[in-house]
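Two complexes follow with chain A in common, the first pairing it with chain B and the second with chain C.
Let's look at the complex of A and B:
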């Protein structure tokens, strides 16, 4: 009796967020699917112009979509990998190495970039990277490079800017997971003769997997879909899938084609996230951690 | 404590918004605007609506001309509406829009029968005409008619099939070829320079499909630039893309790499060249032999305008020598469509307008497009950029 009452109440508590999720996530998503079959744009009076599968035919009849999607995914994955590699030591340092009273301050420092607009972060990075800018002048002074060159307007520049933007997300996610790992476990592993690498693979990695997965999600998805960064620093060969989608809404108003592109993009990313999740579960089982 | 601070701030912001609102709806359009056209017009905000539809003050027998324009764009300046009001003993009320879409919406939602004149541009002229929002202009009463630059005046998109005029040009500008004369020491006279292998990796191209296709059309010498051979265009744009360092989309986007000399040549807005000039940067802005891309703003009389007679006088005044001279020489400098006025400008004034040593001989307007062509052209541009 008591038990069933509790669950009923519990379900009621879910209502507001469920309604929120329904209105702002499920409805727009199904609208996206419907719109992706639109023949062009909504009529000016708001009525539908008719439905067609032409948007999808158009998308897959040329290699443009596949090429851009491939390039975007490659950039997204590179950015994510670099973020993971940079964030693990940082997060570990904050969670385990520094004194407890300094932890909050360091986490704050990692969040500081969020106080600034994203566009400003990109521009700041451009000022640093540009020809005869801070970095190139320094390299020129050291004799390492010609200060009149720069890596701006290229794919590596896009990766650098994206890593800079999304690194804090990864640090925060990993920090939250690593902080929860009891020191005893690490000490026990070391005491029983496991090396550093072995401890990392068998203890730390499995236990921080939830944080790692959410970090990957928070970095991979926006990085793959970005269009501002490639537009500003990507140069003539830096176009990404986000730019293609953006132009359908921003330059010409072709809701149908734009929605179809967005939808396939969404499906591709969901599949990849699903694969990453499945792999991590498999890896965890293999090393005997928790699923 | 913190809460109190927050409330104080909130109250201040609210008060500010309120005051700003009062300020704008109270003015009768006489705000001496010389703070730039589109950019400053953009922050005029939504409070524009109330000004125009308000009845004229008092029961004066004066006629009231309702003008729809960008805020701070010539017509509401001291040498604009005020002079017109005195000249014709009438009142001029401005209704501001912040985009041309808004202008059309304004007309459709109650503006017809209230607004007398509007200012579409060369790309929007056909849109308002096709929707029947404008009416013929009695050009026999435009005294400067024969002085207006013919290719702007006789713009096909501002005329009907019988050759009747539906609008008069007001001011215009170009998107043409610019370069750093310290690096490209030989004078450049052709769009071919953008395709020149010697300039590989030094080119900046405006990331906009229409102007890109027009430039490629000029480069390949298309017979009808508005209906080009798309295969040739694609080939040319692919080659252009391989020469390009970056595609720019805003002032800053162009200025940064140009000042750092990462790009030294490209197609650019005249406004960008002006910015570079005033920043003391070396820049040459030229009109290639093949032609330049251009835009123009047009005054059109709205269908069912309550004061047709006065509206024609407005078009006459706006294209006349007195106004055009003041408009061309104010601190924001607008290229005159009146050739008599253009000829009387000093060399320095011409230089500011990029009309020195002379105005471009051949110009090609960015025209209105039907959605199908727009989609096709954008697709070409995207595809070229995707490699």
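Let's look at the complex of A and C:
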């Protein structure tokens, strides 16, 4: 028997949000398909000037789109890999090595960038990387590089800034699942003669797989779709697919083509997201819901 | 002995990663007190950039606008999110999962795609770039946080107290206000706080949906960053990093550690 209010009228409470997200998320995303056939821009009263397949012809006949899409995915993957490499030992350190009382503080610190403006993080990194800035002066002092040079306004700068922005997400996701691994399990494995590498491959990695995959999702998707970073620190050679989409809406003002680009980009990312989700389900099943 | 060396290596690695994360912010804070306009050394202590920040209108006006706007959006998200969480409670776990995925679409999809698709719809219905459009778009992006944090409060405790209250003769409405709601309050407030800060910082949505000529703080910062090093930006960044640390501390005090926030 259940006495509470919730069983009777519960579902009605979903109506406002269902309507809200239907109008602001589902409809706009599906209407992108329609807008992608738009010839130029909408008229000022919202009516269609006409439909055309030219946007798609243009997208696939020139190499621009494919090149930028490929480069963006490559940048996204590079950023994700660097984040995993940096974050894994760190998350392990926070979860298992540091003292209990420091743990909470480190986790809290990792949250701070999450609440800081994305633009200020980019700005902070720009100040570090700029010529005669902190890093270059240090390099110059060490005799490793000319202090008036800088990697700013190039592709590597985009990667560094993106890693800086998204690393905390990866640390937190990995920490969340590493922290749940019982110490006895690791000790048992070591006591029974497994080496450090063997224990990692057989115990720690499978158990942390769900956290790893959600971290990959949280880093790969936004990093691939970034347009602010390439615009600010990428220079002329650092353009990404996001920059191309953004320019259609803010400088070139060809919103039909912009919508087509947005839509194809969304389809590509959705495929990746589905793949990660499928892997995630599999990983969860493999460890029987543990961690 | 070998384990000890391994652990020490892990600690050094952790230290280096944290240095990478926080050194840039530390440099900005340090430079915000430097008198030189171009951030050059020698270092001379000054607070004039802070005075400039709080007396000249540009950034302060934008901050004021963003504050009021984010307050309105976060309040709406708080109400909508709480109602949604209450509605999701009776669903079976699989339907709850499905509904959760549906409403967190705006968080999962890249902001750029989200922003462009909403802009096109707004153009289509004739509203275009407008306050109402920016408000709706931003609310959509932040409401999922309130839902997740409020929903998390249900699993923390079981229904026994509610059932007990009912058995003891309390009316359903009374049970809701005296038992259910107090249990949810920490989740609702933390969710609203998070929604507020997300909205305050949400550049992409505002860049696309703000009315022409209207400059919220993220848009104002974007124009400044494009022009390079500015000392009052340093002061602003220091203030905002401090505020972010404050929010993280507050959420932690309310029982939302980083682990819980990531498990959403």
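List of remarks:
Everything below uses one rule, namely that the second predicted complex is superposed on the first by the 245 of 291 C-alpha atoms of A that agree within 3 Å, B and C clash if a C-alpha of one lies under 4 Å from a C-alpha of the other, contacts with A are read in each partner's own complex, and residues count from 1 in each chain.
FYI, contacts are C-beta pairs under 8 Å (C-beta built on N, C-alpha and C of every residue); 3 or more make two chains touch, one makes a residue touch a chain.
Please read all numbers here as calculations on a predicted model, not as lab measurements.
When the two complexes are overlaid on their common chain A, residue A:252 makes contact with chain B while staying clear of chain C. In the superposed model, A:126 makes contact with both chain B and chain C. By the touch criterion stated above, A:21 is placed in contact with chain C alone, chain B being left untouched. Of the two partner chains, chain C is the only one touched by A:196; chain B is not. In the superposition on chain A, A:67 makes contact with chain B only, while chain C stays out of contact range.
Judged by the number of chain A residues each one touches, C leads among chain B and chain C. Of the two partner chains, chain C is the only one touched by A:109; chain B is not. When both complexes are overlaid on chain A, the residue A:139 reaches neither chain B nor chain C. Of the two partner chains, chain C is the only one touched by A:32; chain B is not.
Of the two partner chains placed by superposition, only chain B is touched by A:244; chain C is not.
Residues 126, 130, 132-133, 232 of chain A lie in contact with chain B in one complex and with chain C in the other. Against chain A, in their complex, chain C makes its touches with residues 6-7, 10-11, 13-14, 17-18, 20-25, 27-28, 31, 39-40, 80-81, 83-84, 86-91, 99, 102-103, 105-106, 108-114, 116-121, 123-126, 136-137, 139-140, 143, 147, 159, 162-163, 166-167, 172-173, 175-176, 180, 194, 197, 200-201, 203-204, 208, 217-218, 221-222, 225-226, 229, 233-234, 236-237, 240-241, 243-245, 247-249, 251-252, 257-259, 261-263. For chain A in complex with chain C, the touching residues are 2-7, 10-17, 20-21, 24-29, 31-32, 35, 42, 45-46, 86-87, 89-90, 92-94, 97-98, 104, 106-128, 130, 132-134, 164, 167-169, 171-173, 175-176, 179, 196, 214, 217, 221-222, 224-228, 232, 242, 245-246, 249, 255, 258-259, 262, 265-266, 269, 273.
Residues 40-41, 62, 64, 67-68, 126, 130-133, 148, 150, 152-153, 231-232, 235-237, 239, 243-244, 247-248, 251-252, 254, 257 of chain A touch chain B in their complex. Residues 205, 207-209, 241-242, 244-247, 249, 253, 256-257, 260-262, 371, 374-375, 378, 382-383, 385-387 of chain B touch chain A in their complex.
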